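What follows is a group of structures, each given as structure tokens.
Next come two complexes built around chain A: one with chain B, the other with chain C.
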Partner chain A sequence: MKNFNYIQFLFDYGTLIVLVGLCFLFSYVTIEEQSPASTTSAELLAKVIKKDLTENNNIIVLARQGSEGKKFAEILTKKLIQYGINVHQTIVGQPADARKALINFGTSGSKLHGIAADKHMASFAGSNIGKISETFPNLSQTIIFQPNSYNWPNFLKRENLLNVMKQISVVAIIAIGMTMIIITAGIDLSVGSLIALSGVITALAIQSLGGDSPAMWHLWLGAIAGALVCGIIGMLTGGLVTIFRIPAFIATLGIMFIAKGLAFIFSESAPIPIANEAFGWLGRGRTFFGLPNSVILMLTLFFLAHILMNRTSIGRYIYAVGGNPEAARLSGVPVKWVLVFVYTLTGVLAGLGGVMEASLHITGDPKSGDLVELKVIAAVVVGGTSLAGGQGRIFGTLIGAFIIAVINNGMNLTGIESHMQKVIYGSVILIAVLIDQLKIHLMKLKKY
Partner chain B sequence: MPNTDAASKIPLLRMRGIRKSFPGVKALKGVDLTLYHGEVLALLGENGAGKSTLIKILGGAHQPDEGVIEINNQPANVSTPQASQASGIGIIYQEFNLIPFLSVRENIFLGQEPKFISLIQKTKEEIIAKKLFDRIGIKIPIDTECNALSVAHQQIVEIAKTLAQDARIIVMDEPSAALSPRETKGLFKVIKELKSQGIGIIYISHRLDEIFKISDRITFLRDGQYIDTLKTKEISRNKVIELMVGRSIKNEFPKRNTNIGETRLKVSELSQGKRVQKVSFEIKSGEVVGLTGLVGAGRTETARLLFGAETKDSGDIELDGKLLSIKNPRDAIQQNICLLTEDRKSQGLILTQTIRENFSLPNLLQFCSWSFIRKKDESEALSFYVDQIKMKITSTEQIANTLSGGNQQKVVLSKWLQRNAEVIIFDEPTRGIDVGAKYEIYQLINQLTKKGKAILMISSELPEILGMSDRVLVMNEGHITGEIQNPSNATQEDVMRLATKSKPTSA
Partner chain C sequence: MKQIIQFLGLTALLFVFTGCSPSTETKKKGVIAYTPLTLSNPFFKVIGDNIKSEAEKNGYETVMVDPDMDVKKQSDQFDDFISQEVTAIILVPCDRLSIGPAVKAANEKGIPVFTVDAKCAAEGAIISGHVGTDNFQGGKLAGTAMINALGGNGGKVLILDFKKANSCVLRVNGFKEVIKTHNEQNPSEKIEIVAELDGNGARTEGYQSTADALQAHDDLAAVFAINDPSALGAYTAIEEAEKQNQIKIIGFDGQLDGKQAIKDGKVFADPIQHPDKMGRQIVQNIIKYLAGEEFEKETLIPATLYNKNSADKDPELK
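Up next, the complex of A and B:
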């Protein structure tokens, strides 16, 4: 048996541990009393009432205004009628409406056995029933039924978690390409601008193809046009980096300005609406198991990229080029093609990100994508990919993106104001890089 | 002090019972080392014997777990590199620590500039620098940028730097590795000069010729253990090898019985600028052709042109009568030519990757179906070579960086053996490799000749070139200046005569 290497374990799974730790932290600080207003809680409450009251007892159902309350009240009423309880009235509205209903009942003179209410209405009823029953003694023995409340972190709600993933999906998808570029010891600053350009081109293409009522295939063509143009620009970047040997930082800085400028020129500086709600499918839709389509796309792409990097020759070449371009070249690796490939792929992914962004707002906005390149780079670096090249993992980047998303979300939930958020955000990036440095240091010590 | 005799016997440096462990490895298991004033002490041992660890402890880069270090009988503080320098220890590593775009003078005084109210006193620097070079006995223009200097001169600058720090103990790690024979002679002159000034020198090298020429005593290390310290004059070459590897090696170069056959590789008038001019030669089936010359003669450049690593201006390359078209290394590999580069760390290996990944890099397509890698086939192919060429590794998933020089070279070898090329160019195949591993590499070259491969071997070590080649080509200034038909009867002087000849023989 080999000794278990704790240091190695910590570094291999360190980012994952940080992510889990953050989730625990934000779960802990966002624990709050939850009043369930769901279907199940309505059914449970109906059962409780059935046990305590007898048939033909009078009851009033109260729920706060809103779709949640309405649904709660509907189901509760339906169940209670099934159990043979006399539902006198169902109120979905403001406390004032509830008061009015109770007074109305009071004047009728018959006995009110119970009030079934959601948490808000129950607390209103609880504090007012005493006063009302002074005037109307037929309300003095009324029991107030409300669903049991319980504690649960706001952070860990299904909706919130899906939201976290959805919000980071564009950044994460582009980060796939960025991981590959950074593994080859390059960088791409243009991805944020490509988001804007892709969105604008997509919207323009749809507009010019389909006019006021674009058909489905117009939407598809538009999306493909957006991704394709960005792919071509990525290929161009790759050419600048390989053939003309311009440092990637400079080449992509140039492309960044050019693409952003073009996005504003093409759109004449105004967001371009897309005249078909169906375009929102990718950014807003939930086709499978209630998961956002963008999240499914993100996870699929990460899975494919993982296979590309770990199981195929091109993946091996990407690591080799980053580790030592000269040794790779002398081993017969087509170094230039590998570089052009990663920049082109990143261009396509940034274009896809632009389409997703346009889909979310059903608009091609030249202002979108601002500073996204920095978030993307942050996700890659936090995910453990070294800027020196040669090392890094695709799923590390996914975790890095999640860490950034979770921090963002957690800070919003706990109400940390936006300037402070930036400070914390920056600190996390620095800590991630420090851990990376520590890792290199410890590796050296081990090597002697 | 009782008398002057005893005073002169006080060792300059004394290290006693040095122990050092790293996680999983005992690098040093109680090593002693004594260095006297005005002495050259050679430190000998195979790769992994603990030489570098010992030197790093002396230089303050590592802390010993146990042991005493004394300078002039006083406990010395070498807890940090700065403390070590302050104690008068100067270390010249294989990789120089010069800043390429600073001048010689600026490099010498880097970090210890003489100042007057925080302004650097340039004139004072110039005077001191001139004095230093007078002491060394070599004149180097002190305002040249360091990247404009030859390797040999850069080394002199390194020496000057240690002297400027007032070093009394100078450690040189493989100082001749990148030097031509003539430059090495120059270095020896400098060492003798320093010796006469009472400076103690620890000299690390794998080249036994040099050890015998320059050292007064030899300290042997093996597997982190102190073996012995002997006077150089009193031991034979075979004894030295035996003490180093712990067993006796009969011959430095294994015998070869191969039939040399038809011409396989034919190179005609290969040219690139001034570096390679009209180089023509042939290599026959089963033949080892040695290519030597001084550094900068165009040997490596010729190899790189053959391999497509650089673009040739003109010239033809034929293999088995077929004209080859080689524009880049990929073309060369596909047409059965491979090159083992002289610098395996920067050109031969991807140090951050595993042995398996390095091994399969040029062979990836044969392990792929639909561009998916069959990792199992990869590992199986590699494990064959692990046994065949005796790689000492813990697993094929070990990172290349963690291997010793000899094992790194074996990884490079394995990847080209798997490629099964017909023409194999070895550029300095045994540089920085210990005697045992060298012998194994020679044996492997012999095995290749049995398979009818054509082999070109470039080396600066003349005994190796003469001992291993069937024919030797000598280059100077981009030309082939001569050929030695029967190297086993030739002397090193014959080679040097050709290596310094300025006009090609055909002229």
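Up next, the complex of A and C:
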């Protein structure tokens, strides 16, 4: 009995263990010295400087360009002025700007007591102040202040974890539909091409509706057009599979080539720019609590899909069709409609994925989406859905997608050589499926 | 229980396999990140290797990743670089427009972006510096080599171009300029460009286009191909027509098989690019940028001519 519990645990949480294990591993190997340019670090640094310098001492504040550096420099300057230290100049910019400022100060002849800088500028000042002070001895006793550093994994930084989710959002969203299709014992190879087609149609629609300066509603219409066309193509695929009884593998293979070709024909093989930066809202924007909009969309869709699969009759139908289509038909399940539904839904989701991708680059690119179908299928299979049909869970797919994203991100952070990345990627997929096979094997043992 | 142990064993094996270990704590100044078009092309690998060695010499670490010509992957890699807070990014854009938003995201975080070989043309994306090959000058070298190859007789010339790449258009322009001056000065040895066909920068199309041109121009005297693969494709077509002795080929690039073909006498000469110099130069520019010193915002590295003499002395070749 006790032994059984372990197996059950492995059944339910096998993939989750892989995910957690990967997270631990990548946290361990990406531990690095961090010295963020945050509000708190600016305040702490000001306190340190107050201790070491006296009132009316001269100081220059340096920070790297960008919003983070700007805020850091602002707060630091404000605090230092409060403490009565004479902030001669605050520079937010490139190293060249910082050098110019130091040389300018040097020519003034008065003594520079300190430089307060973020990590990058401190590194600049540290390696260059010696040379500069040869010409300007008034800089020779300058102390460089920078925020205290501490060790923390690059992988576990909030920004990186959000990255991981953002990067996989398109694959994960399409994987919702793919999970349903695979549960019905089907497959859809066309989703990658639909991404390209949807992006191109969206960009074209926006261009023809709005010209050089499309308005907000043009963007919306374009996005809807992209998703809609892909939905119709998905419905067509469903028709081919049910009415004409073409195996899903072949039907979607055909659609894959057709959609890819159409994307290149419509776009005349060139990426189509979208002339309104606001279109980046979905792919790059952050509206709520600093979370990327694409991640919020992904989590919402997974939640809805979970309800659909577990709380509604259509969900039960999908499992029934995959388990045994004949038995399902005899017990009154509208098998054909269920199949058309899952292919249409996947088409719409692939179209949405295409809109998201177009939004990310603010361009409709016929080259996008290549091989995404394989990533999507990998996410579903790694998530524990059996290709034989009848079994699988929506949240399993989310975990599967996260596993794939974490591997990609972790390997990029550790700088593993790219060909080796592919080998590892393939191995992890195989290991996940191996666990799945083990599961089926043990279940049979349990039965007999 | 056994299953769990098995599973853990497999995972452990994977970790050992990847050879991961926490980076040894040597004090480094920062990280320079490199994302080229693809690492499958040796050209970009050589650039990367030289970036790495030059960066190491200056106390920087390098992260080299492969976007496989996929701009989505490349912009994901930019996000990873940003969360790693790298010191600088070296980019060969997979798409000169679509990579724009990713470059802007790096700009926003204050991370300087440099391009090597190909430029980024996205509006509003700030590129701090560029290192490339002087393709126009390389094309002129090819033109001079062509005049030598024809030995003062002149004759009909086929150009295999690749109009999609701006660099290749520049090569052809440089080539034509030299040929034009030559024709004005020596009207008796006129070199006539009879066709400009698309060789797609690849063996297959180089072969097909040359085979077609040979049907139209029986007395073709030479071919100028904008890179090595299309030059080698042209050679296959010429060999098939048994005209190796009649038709000379000038290529471009200096990839290993191109150099070998020059040694074997199949190709007359190549203006070659210097990816090694490009890699070193871009790092030197970054170091100057970081020190706040002046540097050339756009450095073009001249191509040099590689002929049978150079190939005979080349230790790389058999």
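Brief remarks follow.
By our rule, the second predicted complex is superposed on the first by the 356 of 448 C-alpha atoms of A that agree within 3 Å, B and C clash if a C-alpha of one lies under 4 Å from a C-alpha of the other, contacts with A are read in each partner's own complex, and residues count from 1 in each chain.
FYI, a contact is a pair of C-beta atoms (placed from the backbone, for glycine too) under 8 Å apart; a residue touches a chain by one contact, two chains touch by 3 or more.
These numbers come from a predicted model, not from an experiment.
After overlaying the two complexes on the shared chain, residue contacts for A:G239 are found with neither chain B nor chain C. With both structures placed on the common chain, the touch criterion links A:S67 to chain C but leaves chain B unconnected.
With both structures placed on the common chain, the touch criterion links A:Q391 to chain B but leaves chain C unconnected. By the touch criterion defined above, A:R316 lies against chain B but remains apart from chain C after alignment on the C-alpha atoms of chain A. Looking at the shared chain after the overlay, A:L330 reaches chain B, while chain C stays out of its contact range. By the document's definition of touching, neither partner reaches A:G285: not chain B, not chain C. Counting residues of chain A touched by each partner, chain B versus chain C, the larger count belongs to C. Using the contact criterion defined above for the overlaid structures, shared-chain residue A:N160 touches chain C, although it does not reach chain B. Taken together, the chain A residues at the contact with chain B in this complex read 311-314, 316-317, 319-320, 323-324, 326-334, 390-391, 445-448.
Partner chain A is touched in their complex by these residues of chain C: 1, 3-4, 7, 10-11, 14-15, 17-18, 20-23, 29-30, 39, 62-66, 68, 70-72, 75-77, 79-80, 82-85, 87, 95, 97-101, 105, 107-112, 128, 289-294. Chain contact summary for the complex, chain B toward chain A: residues 22-25, 27, 53, 62, 307, 309, 328-330, 332-334, 339, 341, 346-353, 357, 360-362, 364-365, 368, 371-373, 375, 401-402, 415. The touching residues of chain A, counted against chain C in their complex, run 3, 6-7, 10, 14, 17-18, 21, 25, 28-29, 31-32, 64-69, 94-100, 119-120, 123-124, 127-128, 154, 157, 159-160, 163, 166-167, 271, 273, 280, 284, 357, 360-363, 365, 367-368, 370, 408-409, 412-421, 424, 427-428, 431, 434-435, 438, 442.
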